[in-house]
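Structure, as structure tokens:
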Amino acid sequence: MNAQTAKIREIAKELLEKQEVQMVIGWEKGTFFYNSTPVFITKPEDVERLIWDEYCAVNLAKLLMDYRHVEGKVALFVKGCDARGINRLIQDKVIDRGKTYLIGLPCPGMKDAGKAAELGKDKAGEAPLEAKCLRCTHPNPVVYDVLVGEEVPVTGKEDRFARIADLEKMSPDEKFEYWSKQYDKCIRCYACRNVCPACNCRECVFDQGQTWLERAVERGGNQFYGLVRAFHVAGRCIECGECERACPMDIPIMDLHHKIAKDINELFGDYEAGLDPEGPLPLGMYKTEDPEEFM
Amino acid sequence: MCNCNGSHNDNPLLPVVGKIIKIVEETPDVKTFHVTSENGKPFTPMPGQLGMVSIVDVGEAMFSVTTQGPEHLEFAIKRVGTLTDVLHEAEVGQSIGVRGPYGNGFPIDLFKGKDVLFIGGGIGLAPVRSMINYCIENRDDFGKLTIIYGARSPEDLCFKDDLFENWPKVRDTEVHVTVDKGDDNWKGNVGFVPAFLEQINPSPENTIALTCGPPIMIKFVLQSLAKMNFQPEQIVTTLEMRMKCGIGKCGRCNIGSKFVCLDGPVFTLAELNQMPNEY
Amino acid sequence: MKSLSKANLSQFLETMNSKVRVYVPVEQDGVSRFAPWSQDCQLVLDRNTINPPKRLFFPQTEELYEYQVDKQDASVKSLAVKPEPFVVFGMRPCDVQSLKLLDDVFLTKGYEDIYYKQKREQGIVISLGCPEPEETCFCDSWGVNPARAPLADIMMIESEDKYLLEAQTEAGEKLLADLSGQLTDQSGELPEGKPCSLKVKNEGLMEHLQPKFEDPVWAEICRKCINCGTCTYLCPTCYCFDILNRTRGKQGVKYRCYDSCMYPEYTLMAGGHNPRPTKKERVRQRFLHKLQYIPERYQELGCVGCGRCIKKCPVNLDITRVINQLWEVE
């Protein structure tokens, strides 16, 4: 057991014993060594289940939505991306910061569970980081009540827009062919939406019968789904990469989100969502000097 | 085993396209549609069985067949959603898709030789009516018929001709009607169905009670029947779930391992007590 | 028994494909699934596909009938078409077992689903046994032998530099006879494979679960579920579907499409009532359907232990761990 795991258990135990929170949401070990999975601790004696290791990739922020109406506080462990997810939910008026207790964990980056599984336990150390971690710009929590351990530097990571540079070079026909192939795989399980902290609408447009989108799983509908979701989270996507990690069909969903983020930066100035819940949203405000090339 | 009575083709999901030949406005939000097809009655259901009704370019939904004639089926349909909105706008001559009959229907043998107590609320009288009319058509097979029915207001009473004209004339038959809230012309009882039932206080002896209505009414009717010493084996009700295929394949209408479209919609309370409480 | 040199597999598939359409497990655009054989396809034979082969018999989206409307008039025409015979090559024993359940659902209890039946009757299954199950596999806990698929037309298993094939039905024998030029006679028995490392306790599970519907454990189990449809859409035994309209002007198509008990809409009624309003009811439905309701209704397994849901659940809500947790409930 690493020192931080001991520390997080101690913190969780104290919070529950003093009844400062009624639940602690963290991670526990899952089926295999490469699975760390969300756990909900309500009794001090259960804190031994909590762990903090290199497979805690699941963003816990979204899970807090189930507890927004309960009495009392809920504590949550937050990496950089979970913390930005929390800010997302606060800014979208979904959760109340006053009802959460955030335990910050500086994150060295999580291992790619799929690759680790292929390499096996003995060689798992050689597994690369999750794609979402390679492009992470904020490994340290941007909001917390208590921080466990020292802040980590942003090191050895890829430029978050590197992957889309190649896509941008494609002709429109090539782009269409590329994205058609990707979204032809989509099975419309909505895992990308359901893990996404920015997808927090009370009722999703895609759950309103066939009002906006047919259920038939086919090229046009799948692409419509992917594009509409990308635009609905434009300027609000916290780039946690959960959509892409959760996708069972390995669709490079983050490329859509990064492309939009890059365009927003170019049009309205550099912006990263989920850093400041009070600040203006680039697509949620109007300035007279905004570019309007389409006019 | 198949309840099809030989009527469906080899593709049970393909409807027969028939026509609406008559529309009766029962209440401000309930209409009864008389449907027939080129080959006469699309199918011959037993009381309590269901039919999948569609406006072919809009959608399909399951309804109980409220009664039938030699050449047609009748569906009493309340306006609640997309399909029923379109149905309510339809006129005589409109093409209607129908497939069925589905479900188990009422357990006729259980009723035979016994007094029958019918308790209906609102549109819940629609399935009950199929059994009432069956009892009337086979009058000698059943004992006394007691019909207790309630609706929100006098204008919300369905099948007024049956309630006030046809059924009271039948031998050894009582019809009791109540409304939650009366109006200036209403001379009958005012009050909820469960209380009205307790006031009438029918005997459970050699009696089968059949109840159908809004879930909240059924809940309190069951409590009243228990008070009056009706046993779960003597109480029959029908359930409603979202359905798509009607033939036990599409999955969603299950309650535990039972499918409401195949194994229901009719269950005795004794059977329901054995099933998970998830309906 | 016949044998086929591994080096000749491509030729074998090519020859077979010239007689009858052959579907094979492939990796395509980063995901594995069954697709029509072609010389340049990337075969996946070292593990099972992520997309289950049930899609060949029960596609995610399937047209049922077409219709024409004109003012008050309407007509319908069935789109059920019997396909040409086809071969599914390389189906794993767990997935072959799943066809048994799909047969029970689609072909019994009073009604036959013609769309499924037509495909099922025309499909010839060549099962590829698993010499060494993946770590997410647990089919043998349900009584499936990872190296045997009794329902397959032909059983095939790897043995060093060759595949051994045994016909198990008349259709299988005929197919092997048609391809005899590619095959060598071989004596002996098909080899057994290794058992799965992942295990669950199966015996008495249905009876154990019958009184657990109201147990508070469901409120615990459901907590981390995000109610996506991944597990249900990748599951080889999940069969629930929705029926929908696609209307364009005066004509349209009635089609069906996979649905999932994980979605709130699945049981939502027109009047607004929902018998399964929260994820607790929906998660309970999924697990009890597999482990209690299907065994009660069809005396058949509702899970075949393929492990796809374990592999792909975004939050590792693992059915084997859920079963263990349920066994702990008194």
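For clarity, chains are labelled A, B and C in written order, and residue numbers in each chain start from 1.
Definition applied: a contact is a pair of C-beta atoms (placed from the backbone, for glycine too) under 8 Å apart; a residue touches a chain by one contact, two chains touch by 3 or more.
Small disclaimer: the values here were computed from a predicted structure and weren't measured.
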Contact graph of the chains (line, ring, star, complete, other): line
Of all other chains, the one whose Cα centre sits farthest from subunit A: B
Geometric centre distance via CA averages, subunit C-subunit A, whole Å: 31
Averaged-CA centre spacing for the pair subunit C and subunit B, given as whole angstrom: 38
Centroid distance [mean C-alpha coordinates] between subunit B and subunit A, Å: 50
Residues of subunit B touching at least two other chains: 82
Junction residues of subunit C - those touching two or more other chains: 242, 244-245, 259
Residues within subunit A bordering two or more other chains: 209
Touch list for subunit B against partner subunit C, complex: 1-4, 10-15, 17, 19, 55-61, 80-84, 91, 93-95, 97, 215, 240-242, 244-245, 247-252, 254-257, 262, 276-279
Residue numbers on subunit C that touch subunit A, as the complex places them: 29-31, 50-51, 60-61, 135-136, 198, 220, 223-224, 226-230, 232-234, 242, 244-246, 255, 257-260, 263-265, 279, 310, 312, 314-318, 320-321
Subunit A to subunit C touching residues, read off their complex: 30-32, 35-40, 58, 62-63, 66, 117, 181-182, 184-185, 187-191, 193-195, 207, 209-210, 214-218, 242, 245-246, 248-250
Interfacial residue positions of subunit C with respect to subunit B in the complex: 64-65, 67, 69, 72-76, 78, 80, 105-106, 109-115, 213-214, 239-245, 247, 250-252, 254, 256, 259, 261, 266-271, 273, 275-276, 281, 285, 288-289, 292-294, 296-297
